[in-house]
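There are two complexes below, and they share chain A, which is joined by chain B in the first and by chain C in the second.
Up next, the complex of A and B:
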């Protein structure tokens, strides 16, 4: 079957799920899974070389004829939507069940499908007006999913911030599409590389899509929204919704001409996001906020690749750009898989222990062995370590950038700092993930609630296992995924389409697979040896101290202290503490938190200033008729004076 | 057949030779101090003894406590196998293998730090926090060094990357990489391998709770890492690829020995730095590598 019928069946099934979902969870799950499987089929067909799909109809929607299109780029993102959409739907069935949340679970099911349909719509539409419609619907459905648990003040605040930030971005996109339509004379979208006059519009697109993608100074909404949303929603927000911003940039940098400076700006923004995103991530104490900031880092990595590719195109179609773009697009998949896995794992910890504070957890591994193992796997992938998938995409980006440096052109000057930023961000990610994983799962339980925690059920385990399998598959056999990614790259820049794969992915895959097998063998052998040598258990030795308590373990703040100290200039940590005093001290404490600096130190003061001015202006409107008449008379007099002065000479 | 033999010989070399290095360093230190010192082969005895010993595990430790040392060891062996050995070249070189080497070292770090945190001991926390934090700077320095070599040679395959000399920036690069070697292998002035129980240690604190065969694996891995960095430093600075095979092999061995001598001398003559100054020194190492990169960049343009 061609993608057309598949996509329409998928859409209808998902909409049916939207209608029946609130009342019937089982049926909803089946319908949603069928829908995403069929949608995935269409996308895989395009990516496996079945040819692009394009459909025009005379049927007008909002006064514009329908124009849908599925090419390599949109199919790549559609695969991600379907994977995480299906996984989250299974996970949400147990995590956000009717039993626990009778009021919000039915709503959540309907909005889930609305989100999936609108995401698909954004990816398919090749008409500016329809794109905006889908974009708005997607923003709103995500808002309602974030605020499912709207009794809590924090959740409402996070949702509100998300809505405001998203609409600031949408305003830019409105301007972008409207100006585009005004200059080309039609809302229709498609390759328009020839029209050089359109290039300045790219800045509007970068601003609008950058807000959604969470690029560094525009990421202010992201941490609180991702931390406060239900975890399966965090997974799709972080794994998929951010990628819509990436999609926008990739799509329109491919279709429209871009300004000469754009590659430099995108790679620069990417480097800054990667470094500062991970610096904020390392300093967090709330594990979901930590994962959210890590998404800022990964979006930065993706933008480093995209910016590199744009630079390559503007510097004489250099072939290394193909590697950078392939790395960026593969990282879209990889980050989608491992970050969703990590958020689902975080959700099951939250479900079991009821807190997001790392320093209140600890010792969860014997209680939740599955979650612990899968979280470690996700952490290794997210730190970009072999033999998992995070390494493959970062390695491709590195190859592209190293080639740019070897070319010694002006693009090399952008690639040098980007490589160093990428390496430093990778090492910092390792700090963050060792800290998070170890504080949650290792050592002794720090609170009583944790000691009573239980492993999640199979409904939550299966989606995590599936996402972990994706991480493993891309890591061990990257060569299988190369054709799909290279088709997407060719759709972005057709001039590269004839080139062969310049990266020895098969060798890398072989090395990674061998490494994986050796790691498993060596681990089993050492485990067996240790078992045969007694394996006696004893309390942890703590310098001869006889009664260690769980609170004497290392905390999140002390672990990250050294690294976070280097970034104090931007993190601006808030420290409140009272020293122990007297012979029998009571009430000593030390609290450290890292604010969202850009929001609280830049945007909030500006917003407060605007509010003060508007409050002052509002005093003019007080409801006293006499004064209003006075305003009118004064205004009229003023006008009269103006007219007199105009007429005087 | 030849390929298999090559692989086996390399593996044997990388597995059997490393425990010699700490013994040599100790000899150098003893010689400077006018002592007789422990036998050169001491670590071999220690490893054999530890492999036979019983294991005591913490009540809190998960299977990861035993698995992680194995993961770290395999990662280090993998990284070593990627490295070309002077005239014989690399066992399997491919484009971009140098990045894989950097990330394998990171995997070993992840596993070691993870194992250190398993027991819930504050010592493990301290050591692991220091290890992963300082590694941010050493990794930046290492990547800057790789960039400098890559600009010099126009390649990102280890075998061709390391074959020519480091060019005009060789001294800068050698200085930077030597500091990285000292920091990554927990030597003075960053760390002191002689003491176990101080609060100020990095690596020795992380392995405090290990015993028996897992400890043997950790110690072997640590010596392997020392050899790996010595070989990397030697090959980065000397033009081994341009020399006749036997001279190159001799130069490689001589280079590794002089690195070891250097480590021993530094250890005898310097005291460990205060922790505040460690990041400063590592930043200096990074800057040295960065300057050698700029020298390489300009040298090529001229």
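Up next, the complex of A and C:
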């Protein structure tokens, strides 16, 4: 079957799920899983070399003829939508069940399918107007998913911030598509590299899609939205919805001509996002916020790759651009997989312990071994360590950038700082994840609720296992996934079309597999030894004290203190404390919180200023007819005077 | 002919000032209705061979502005039990001064305007501008709804005066349409006045501000 019928069947099945979903959870789950499986089939067919799919119809939708298109780039993103969409749908069944949330769970099921359909629509539509329709629908469905638990004030605030930020981005996209249509004379989208006059539009696209992707200064909505949404929603937001911003940039930097400076700007923004995103991440105490900032970092990594590839194109199609782009696109998959896994794991912890504050958790490993193991696996992947998938894509980007530096071209000047940023971000990510993993899972439980925590059920475990399997598969056998990524790169820049995989990839695969086997063997041996010998059991963090308490353990702030201290200039932590005084000190405390600096120090003051001006202006609208007539007369007289002055000379 | 027309317009301008200076509502209504009658007679003087159409316009204006509308207003006034403008936004003496200044400015402005030769010697344009200004001053400066209606009517009289310049080219239908609008407008305002009175126990339009969101 060609992708066309598959996609229409998938769409119909998902819409059917949307309709029946609120009332019948089981049927909804089956329909949604079928829908994403069929959609995935279509995408895999395109990625495995079945040829692009394009469909035009005379049927007008909103006054424009339908034009759908599935090529390598969109198929790659569609695979991600389907994977996380399916996983989240299974996970949500137990995590956000009708039993616990009788009011919002049915609503959530309908919006979930609406989100999946609109994401698919955005990826498929090759018409500016339809793209915008899908984009808006996607934004709104994501808003309703974020605010599922809308009784809580924080959730409503986060949803509101998300909606406002998204629409700021959408305004730019409206301008982008409208100007594009005005200059080309049609809303139809497609490769238009020849028309040099369109290049300045790229900045609008970068702004609009950058907000959605969460690039550093535009990421303000991201931490609160991802932290306050239900965890399966956070997973799809972080794993997939952010990637729509990436998709927009990749799509339109491939189809449209770009300004000469764009590659430099994109790689620069990527480096800043990677570095500052992870700096904020390390300093967080809320583990879902920590994961959200880590997404800013990963989007930065992807943009480093994309920017590198754009530089390579503008400097005469240098072959290293292909590596950078392949790394970026593979990282889209990888981040989608491991970040969804991490958010699902975080949801499992939240479900069991009821708090997102790391400093109130601890000691969950023996209580939740599956969640702990899978969370650590995701952390290893996110830190870019072997033998998992995070390393593969980052390594491809590294290879591309190293080649750029070795080429001694002008692009090397951008690549070298990007390498440094990438390496620093990787090291900081490791710090962040060691801190998160250690505080949540190791040590002793810090509260009674945590001590009573239970492992999640299979309904939540299976999707996490599936995502972990994806991480392992890409990590251990990257060569298998190369053709798909390579087709996507070809669709981005057809001039680079080649089938051969870079030689080092096979070596990397072999190395990863060997290391994986070694680690697995060592782990099995250790486990066997511990099992057979028994060993002595003692409370964690005993340290020789007679009566240790859980409060003697490291807190989140103390663990990350040194690292976060390097970034105090941007983190601006708020510190309130009282030193212990005297021989028998009482009432000492220390509170430290890290604000969202860009939001609270830049955007909020500006918004407050705008609000003050509007309030002042609003006084003019007081409801007194007499004064309104006075405004009118004054305006008329003013106009009359103007006309007289114009006519006088 | 021009002389008598100018005399009438001068009379209308004088009535403007009277309207501005009167604090009692009956005298304000009287000034307004008298102005309406004066204006109604003007088409007959402007036109040599009195056409039946022009006669009809004149008759309708005199009856509408001189009898129907004032009686509606008087009835509203009685229903609301008020006959005085108590707290104007712009006092009576300042309103008079403003009105006088506006009249002088209107005469000065009319000299600067490019008019047709047959309208050069007439006071039509300054009279019209002065009436419009007077209407605006009443609308801006008075708090009671009935005074504002009077202001609105005087404003309309100014527009009507300007319309006399075009009496040959304005169809009868437009003329009668304007008059009908005006009557309906006054009618509606009469009802609203009644409602304001019942809702707020006063006709002070300042109290309407509590209705905003």
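Criterion: the second predicted complex is superposed on the first by the 615 of 649 C-alpha atoms of A that agree within 3 Å, B and C clash if a C-alpha of one lies under 4 Å from a C-alpha of the other, contacts with A are read in each partner's own complex, and residues count from 1 in each chain.
Convention: a residue touches a chain if its C-beta (ideal position, glycine included) is under 8 Å from a C-beta of that chain, and two chains touch if they have at least 3 such contacts.
Values in this document were obtained by computation on a predicted structure and should not be read as measured data.
By the touch criterion defined above, A:562 reaches chain B but does not reach chain C.
When the shared chain is aligned, no partner comes close enough to touch A:458: not chain B, not chain C. Of the two partner chains placed by the overlay, only chain C lies in contact with A:626; chain B stays clear of it. Of the two partner chains, chain B is the only one touched by A:430; chain C is not. A simple residue count on chain A separates chain B from chain C, and the partner touching more is B. When both complexes are aligned on chain A by C-alpha atoms, no chain A residue touches chain B in the first and chain C in the second. Residue ranges on chain A touching chain B, taken from their complex, read 362-363, 365-366, 372, 376, 380, 383-386, 391, 395, 398-399, 402-403, 405-406, 408, 412, 416, 419-420, 423-424, 426-428, 430-431, 433-435, 437-439, 441-444, 502-504, 507-508, 511, 515, 518-519, 522-523, 525-527, 529-530, 533-543, 550, 552-554, 558-563, 566. On chain B, the positions that touch chain A within their shared complex are 51-60, 62-64, 66-67, 69-71, 73-75, 77-78, 92, 94-96, 99-100, 102-104, 106-107, 109-110, 113-114, 117-126, 128-130, 132-136, 139-140, 143-144, 147, 150-151, 154-156, 197, 208-209, 212-214, 217, 279, 293, 297, 300-301. On chain C, the positions that touch chain A within their shared complex are 89, 112, 136, 139-143, 148, 205-206, 208-209, 211-212.
Residue ranges of chain A in contact with chain C, taken from their complex: 621-627, 629-630, 633, 644.
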